[in-house]
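Next up: the structures, one after another.
Across the two complexes that follow, chain A remains constant while its partner is chain B and subsequently chain C.
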Partner chain A sequence: MSVETESYRNPSISTRLGTFAREFLTNPVAASGAFIVLSAILVSVFGPYLVTDPTVTDPASRFAAPSFLDPSSSFLLGADQYGRDILARVIVGGRSTILLGVSASALGLALGVPIGLLTGYLGGKVDEVVMRLMDALMSFPSLLLGLLILTTLSSSIWNAILAVGIAYFPRIARVVRSSTISVKNEEYVKAAEARGESTVSIIFREILPNVTSAIIVEGTIRVGFAMLVGSSLSFLGLGAQPPAPDWGYMVAQARVTVYQSPYFLLWPSLALAYTVTGFNLLGDGLRDILDPQTRSD
Partner chain B sequence: MKITDFHLYLLKRLSYLVLTMFLVSAIVFASTIILPGNAAVLILGRSADENSVAALEKKLGLDQPWYEQYFDWVGGLFTGDAGTSLVRQEPVIDIVVPRLFTSLQLAVFTLLVVMVIGISAGVLSALKRDTIVDRIISGVAYVGVSLPEFVTGTLLILLLAGPVFNVFPASGFVPLSEGIVPYLSHMILPVATLTLLITAYVLRQTRTEIIEVLQSDYVRTARLKGVSRRRVLYKHVLRNGLLPTITVLALNFGWMMGSLVVVEEIFAISGLGRLVVFAIQNRDLPLLQFVVLVIAGAYAFANLGADLLYGYLDPRISYGGEE
Partner chain C sequence: MRDKTTAQPMNVSAVNRRTLLKGVGAGAAMGLAGCMSGGESQGTNDGGGDSGGEESTQTPAGELNRGGHLRLSAIASADTLNGWQLDSKHERLIIQSLNSYLTWMKPDLTVGPDLATDWEANEDATQWTFYLREDATWHHNGDRVVAEDIAATANAIYAEDSTAAGKGSLGPLESAEVVDDTTVRFNLSASDGLIPRRWARTVAPIYPADVIENRRDEMATTDFGSGPFELESFSAGDETVLTPYDDYYLTDEDGNQLPYLDKVTITQLPDTNTQVTSFRNEDVDILWNASRSQWDRIKSASGVNSKRIDASGFTVIQMRSDKPPFDDNRVRTAFKLAVNRSALLNGAASGLGTVAYDNPIGPAYPGHSDVPERTQDLDEAARLLEEAGYGESGDPIELDFYAPSSPSKVLDTTVIAAEHFNQLPNVTINVQQQSYDNWISNTWLNAQFYTSWYTQRPTTDTLLLQVWHSEGSWNEAHWSDEEFDQAADAARSAQTEEERNEHLATCQQILHERGPSVISFYIDALTAQQEYVNGFDPYPTQKWVRSQQVSLGDDAPTQ
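Entry: the complex of A and B
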């Protein structure tokens, strides 16, 4: 019996990875999400090296240039009111928007996961007090909390990451806490307690490996949300600062000249929608594979 | 009246709400007063000289210790005095209340539209599960969730209030007292923007629940007993399948109150969201503190309402044990 539970719990890593990879590739939602996310990341990581136009990030170097250019062979998507290549700005802008989404989600995980593990495992007074605090933080809609934090700090992409990360960590803590509660009475945790292992060891060696699915799913879905909140902050002028190319800020700028050239608005919007959809699909697909009980249908 | 578990649960949730609002007020206060950049410096700018900063601090009561400032502020809230706007020189309550009313209209209107579209599309895609109809509905909903409101809003303006079809006004808000037609025509684009964003959540929830109910034993029994398809749908499926949807709607109401900032900016609607941006841009801290408190309060109340509604409507929930 004990051998069986042991082998059920820990099939060899390579078998588990193999099963995961097979399920991942045959799950259309996960696979298409992964493709979109991967393509967006590759373009924003390597694309900027193909962009040689210095005016993309420094508009001052080309004030006298022709503006509002229609698409042509040298400006595939046209140029904006400062004569900057739209395609290049969309490619470079992906860096700041994706960086913001991924870093804010990572920050949320870094703060939320330990809190969720501790409160879930310890329970009692600690749990009560900490979760009431989390509730209070969660009574701020994330965009509003982001605005509040950016007002007291100054507007910059780094502070926007901080703001969105802080806005999201209580939600992550809540998810991790409930996963922790559902595994803390499993036999292997009780066995570790009986062996006299320390709380820290139980949390990190017994519980953490069994709640990773929930953490991965939550972290992935949060990236999409964080990109939306982050670009909304940039749209309101509080995130990425001009002349940095950021999709949210580019949309805000394109709105001013939307009647002269609606296309300026279209490209950063499409890029944002494409990437966010990718992270959402990837998160939903991962949930289907890793966590079949909470499957959405 | 007998005291039931539900009453105890209600009491517990209400006391949590009080506690939460207390913590919220502390966070709002802390983030505007204690964190770097005190109010006087924010108002006068970073290059202001020390004397004028000190003078303004004295005028605003900022030379008091922080706990006295906090209790002054909270005490004021209980007596209906939330402070005076630094920019507008009026009581902040007088500024906030009419705008709260505008935002509420926007949120309620959107909620009604979302309810109608989300529930009917959700039921339709559950009944037509895994057909092309289901896939198209899911696809549209997916894109709706992934597009931020500043994109959909601007695209809607471009399409319906611009050079292509100039059907609706691009911005502004007209109170109902000026006629139903101008009221509605100003409301349509912002409501459509919010609807695109939220409908997917309601739709998915409805679809999941309806599919579950359709597969349940009692629906199968009813069908086998020879009850007509239509009657089964109305009497059993919808009644049981729509309970969780109501919760999602209430949660979305709370979410909307906090996320109106962008939509109100795009459509130049003077509601609470735009007031937040105004207060931030003008460093009007008493105004900012109160607006944020009102929005967070509305959000907390909507979440409480969602929980209570769900418990009230679904008799299977028990409130005896913990979690």
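Entry: the complex of A and C
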């Protein structure tokens, strides 16, 4: 059963969703990925209402230097070198990191999907010229491209989203293009052409619905990568600015004090690894379900 | 200057005498005796967990020997060999080993001879005459260093279009003239009793007259020094290798040729963590300004002598006073009242220092005067803002607050102070962290609100004249106060210590009352060296490493 033929036969939406949900829940990779991502999102959306302001220092803890870094009953995960609660910072820091990953991936999709669809469907010179440009962009390592963009603009979380989005959209365009090429000779596309429908209509009404699985998979996996690149930029001081709690920036700070307290380095790193793993598992699982040909087993 | 040790004072002279007998057969290295006087810890930590008594300085166990390879390190990059333009610690290390100076600053901040062996002033100290040694020669051509070179250096640093870092801080120089080959005269526009001390600064190396005249462009990349070491290799931003200059003019007390070392390398390391790890692994011999945040780790290393010295370095939050909102002293005072100073001392300097009240002249300076204490008072600060037309019912204040990411004390000061400032009503402060290079070229001297830092200077009035005087070359806050200018000028011209201190006290009072700067703490100087390193004396100013006097014991890994 492939998605393309299913949508061609156009079975009812509820049947398709039911099949998808059943497959999703029985796929351990997808289910565990979804659990991790959901838990990370829930904690970073609602967690901040339960903790103290993570940008504010507790003077009492700072005066106890240098032992203030270790976990205690008032600071479950310890406090950083300014006396700020690490638990609060990790929880609130999830917001900016996940927001960065999701937004940058969304930006990459917004730019990459139309380009991939257009070049894949039109082919010929347009395809040649645009894809060579994409190749040129892809030949830059994404972190380097991000650095370049952020140094030219200024350091902020929004510019980091822009930088990561720009660094990733050529990859998304390429994936969407190849999916488009594989469906553009299907009979339903030929039929639409025979009906005399416009190019835009064919691309968005006939092709797009049949490449969504590729887009969903690519978009999900990109979130994890975008979070890593975004955190690397914050680590280098170009993303989130202090005192904003951001996992990448926290790791950079913790590096200096790693010999005094490894906890400060440990928690944001674990949080980042947990969330990125979640998005990657979810993306892999979705690919298994939506695109059975590429399934590894 | 007292060093914070409870152990016996380090008697370098005695050690050198004993070990030199074994090494090169004779007595103490010149200039090392009597550098340090012992002293009890001054117990300056009101918040930190440290007590001064923890610091220990033992008598060095190593043996003094000729030869060996000294390995220094720096975190900032070195981009130029031109000592007049130096702006990083790495450059400072290189340039002071390559070059000679008119005078020499000893670790106790008294002045000693270098190229000039003697000097005298006229009656009102408007004219200073320096008598030069005859045996100093240039590395690049072997010619003698003569009075013409000193005069050319002084005149070039003070030229109208000069961008030299020392311009303005080396006294009110009008012109330098050659009297004869070994005599040079400085004519001043106002009297100044401290000229020999002012010239003992790392930003004032002496260069040859013909190079200054004809080959100025090459000074950034070529060794035109007459100092103890020659340049073997230099690549900007990487490692620098120095080898001894055979014809160097200084000998120790017993006539042994200086320097003792065979080789000096200065390596650029990425951060303090790496630096401290390298030091603990004996890959670096001296930490001449050790990391505060890693002080426990440095002190606890085995085979290491560490030292904590009272010094009056500080971080300073500059509020640019030539435009709103900081053109109003009520706003500046509100910001000064907003900070919790002991929190800043603990958070940004690991508690290794003392609290300050917006006075750049700390207790380690002669001429320090106490200003009233200023503790955090958010209500009074809010009232002042209101009165100035800001605050709850007035205009909002929203500012970007810049800091370089290194050194960490500066970023730490900025992050913690921003938190305090944001407690003020209708005030939003956004921290902007920058790379050091970006900060120094774009923010410093320009931005409206940023954090800067200074180590202690050898003369008390240097920073006052350079940073807060309206005509100072580093007037960071674009501040101008006539009464302050007059007092600072008067302090420079003063003939007696008493008169000088009186004017200095006025300056400090004015800066406390209406200056443009928040200064929350004075930082102790921290240094550490491997036990096998001899002859290295830490300076409270943390500017000098007298590499010509350093030697390595037999147990050094690179001996």
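In this text, the second predicted complex is superposed on the first by the 271 of 297 C-alpha atoms of A that agree within 3 Å, B and C clash if a C-alpha of one lies under 4 Å from a C-alpha of the other, contacts with A are read in each partner's own complex, and residues count from 1 in each chain.
Just so it is clear, contacts are C-beta pairs under 8 Å (C-beta built on N, C-alpha and C of every residue); 3 or more make two chains touch, one makes a residue touch a chain.
No experiment lies behind these values; they were computed from the predicted model shown.
Looking at the shared chain after the overlay, A:Asn185 reaches neither chain B nor chain C. The partner of chain A that touches more of its residues, comparing chain B with chain C, is B. Within the superposed three-chain model, A:Pro243 lies in touch with chain C and out of touch with chain B [touch as defined at top]. Applying the stated contact rule after C-alpha superposition, one finds that A:Val256 touches chain C and leaves chain B untouched. Applying the stated contact rule after C-alpha superposition, one finds that A:Ser14 touches neither chain B nor chain C.
Once the two complexes are laid over each other on the shared chain, residue contacts for A:Ala273 go to chain B alone; chain C is not touched.
By the touch criterion defined above, A:Leu143 reaches chain B but does not reach chain C.
In the superposition on chain A, chain A positions 154, 255, 258-259 are in contact with chain B in one complex as well as with chain C in the other.
Across the interface of their complex, chain A is touched by residues 47-49, 271-273, 276, 293-294, 296-297, 340, 342-343, 346-347, 350-351, 405, 408, 411-412, 414-416, 418-419, 430-435 of chain C.
Residue ranges of chain B in contact with chain A, taken from their complex: 16, 19-21, 23-24, 26-28, 31-32, 35-37, 142-143, 145-151, 154-155, 157-158, 162-163, 204, 207-208, 211, 254-255, 257-259, 261-262, 265-266, 276-277, 280, 288, 292, 295-297, 299-300, 303, 323. Interface residues of chain A facing chain C in the complex, by the touch rule stated above, are 55-57, 59, 62-67, 81-83, 154-155, 237, 241-243, 255-260.
On the chain A side of its complex with chain B, the touching residues are 132-133, 135-137, 139-144, 147-149, 151-154, 181, 224, 228, 231-232, 235-236, 238, 248, 251-252, 254-255, 258-259, 262, 265, 269, 272-273, 276-277, 280-281, 296-297.
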